[in-house]
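In order of appearance the chains are A, B, C and D, and numbering begins at 1 in each one.
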């Protein structure tokens, strides 16, 4: 987040704050009513956290997406959602050539919950934690339900270039498609590499993958 | 297990609930009912081999052998199994977990007065059938129950 | 190194409900410690339950029994005040033993 | 979309629903069974031995530690935490208060006393053993954390804001997982901790013995390990931030009779 976009995002935020005050989400869902309250919590975080392993204090720096979602109980005003989603979409780096890797490697990435934790060493290979929240292959019954079931993902949508691009982008940065989604920005945050995301795309769209059986 | 040390001091104090660990003279010979730890049976890689070594190869299914175990275990590290044999004068019970690397998990021998009942926590490497074989009058009676082991937690 | 146990033995009618908690790692020989070396097998093999010196129940157990084992047994024809003694022997020859009175 | 595909979709949506319902019941049976045959009592006994053990430069035990009901009063003390303590002018949870007593009574430095607060299956930490014992002394007492003192109210409010605040490289807040009814990670049900109905059974069974790793875990560890999985930096042990979250959870779940220390997955 370079300072320019940060300043512009904060200006957008101040406008949003005034408009947000009148949106009707339940109070318990919106403990923050002003940007200054956000600053109060950010100060507490800086005071009461310390760096450990790869998890440095820079991780506490909020970006415009977090500010918008925190301040508006995950339901920011429409114009702010549009602006920030476009900004996030523009930042997605799509690889040259094929967007589809190897579904067998993709399965291992989907099963692994490692990555970006303070106890993940430099040698540990990050995973996508996909099964924590999604159903994918019908054989795996230990799956989460925080995210929608992705069973039959490729079978239902087809294995077309458009779907491959949509899938790659959604894994890289889910917030470019749904600003306050709970899905982590796996590419944007540097958790997964380009080839790992391509392998996950394969796991989702390749007809041979158990997801589509 | 150094940290468990305080418990021994507490024990030596003879706190009512926790009793003293007595000294050598009382260490009577342990074996009376069975021949002792059956190395071959516990070393068997398949349920069939283990049961054959115990002489329990030919067992008949019986409703009198009752297994109370969870259908789903959130974690394979502790799976409570409660076993009752209602077969008259049951002398021993063997607990076999078919998909474990060494399927024979435990065997209990009951002397006069001991009810053929036991509750024990076992480890299961993956979802598997738990098979219990009771011995009475030289014949063997068995029952099985499936336990599904799931990966709980955030897998992080 | 012997670790004591926590025994609870309560008479209900003519059956004593016995519950015993043991302190033991019950290592399977397949686990690694913090710096990656295999923890060797270390588990209780034999458990003996005596009342007034007479062996009433014997268990042969393996590394498939959970860490810090917990057993429940039922003993008939015993009365409160009887001396209940439980002993274990593990694969390293270590022993532990505890005595309590049946309540 | 061909007919079979629609059928597949509907079938897939239907089946897990039915499966999920009995699996919830079966998992509750499993939880009951491990609670019945749990070695957690061994940790309470060791905690009692530590409570009485003379330690530190003053060679004193913790038997005179005031947990809020007077020096050395244990019965029901845990159920009234976190609360405001005048002598420290601060809201404290159990572990923070124990740390305070280790300094005040035993003369131990905060640095030494909090050197190893999270143990392992071979070597539980002092805090874990003491927490097991002290918590066990509140069995049956309804959870009644402090809610009247201005600093208690401030701790609750800060805890509530922290609960909803999204941060870190994965943009998570506590509500990312504990925010929606009937959701789970893998097979792990996720209580909506901002609601009394879900918070009550949780605050009534922490701290707890975890069968998956044979370790006894405290609330400070629980908050610490959640932040680890949220990909955040590490919270300071017994900091106002962690106490505020514990206060928010306990106040949300207040009234429930304490039935711990618990036994969990």
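Note that contacts are C-beta pairs under 8 Å (C-beta built on N, C-alpha and C of every residue); 3 or more make two chains touch, one makes a residue touch a chain.
All values reported here derive from a predicted model rather than from experimental measurement.
Enquirer: Can you tell me which chain lies farthest from subunit B, using the average of the Cα atoms as each chain's centre?
Expert: Farthest by centroid: A.
Enquirer: Counting C-beta pairs in contact, which chain pair has more, B-D or C-D?
Expert: B-D
Enquirer: Can you compute the centre-to-centre distance for subunit C and subunit D, using the mean CA position of each chain? Integer Å is fine.
Expert: Averaging C-alpha atoms per chain gives centres 31 Å apart.
Enquirer: Taking the mean of the C-alpha atoms as each chain's centre, how many Å separate subunit A from subunit C?
Expert: 50
Enquirer: Please work out the Cα centroid separation of subunit B and subunit C, and write it as a whole number of Å.
Expert: Averaging C-alpha atoms per chain gives centres 11 Å apart.
Enquirer: Would you give the residues of subunit B that are in contact with at least 2 other chains, written as numbers and ranges?
Expert: Where subunit B meets two or more other chains at a single residue, that happens at 1, 4, 7, 17-18, 77-78, 82, 119, 121, 150-152, 154-156.
Enquirer: Please output the residue numbers of subunit D that touch at least 2 other chains, ranges allowed.
Expert: 37, 42, 45, 122, 185-187, 211, 214, 228-229
Enquirer: Residues of subunit C that touch two or more other chains: which are they?
Expert: As it turns out, subunit C has residues touching two or more other chains at 6, 23, 25, 66-67, 69-70, 72.
Enquirer: In their shared complex, at which residues does subunit D touch subunit C?
Expert: Answer in residue numbers: 37-39, 41-42, 45, 121-122, 211, 214.
Enquirer: Write out the stretch or stretches of subunit C touching subunit B in their complex.
Expert: 1-4, 6-8, 15, 23, 25, 28, 30, 45-46, 48-51, 53-67, 69-78, 85, 87, 89, 95-100
Enquirer: Which residues of subunit B touch subunit C in their complex?
Expert: Touch list, subunit B to subunit C: 1, 4, 7-8, 11, 17-22, 26-28, 30-34, 36-38, 42, 77-79, 82, 97, 100-102, 104-115, 117-123.
Enquirer: Can you list the residues on subunit D that touch subunit A in the complex?
Expert: Per the stated touch rule, the residues are 1, 5, 8-9, 12-13, 16, 19-20, 158, 160-173, 176-177, 180, 182-187, 190, 194, 227-229, 231-236, 239-242, 244.
Enquirer: Using the touch definition from the top, list the residues of subunit D that touch subunit B in their complex.
Expert: Going by the criterion above, the answer is residues 23, 26-27, 29-31, 33-34, 36-37, 42, 45-46, 48-50, 53, 119, 122-124, 129, 185-188, 211-214, 228-229, 265.
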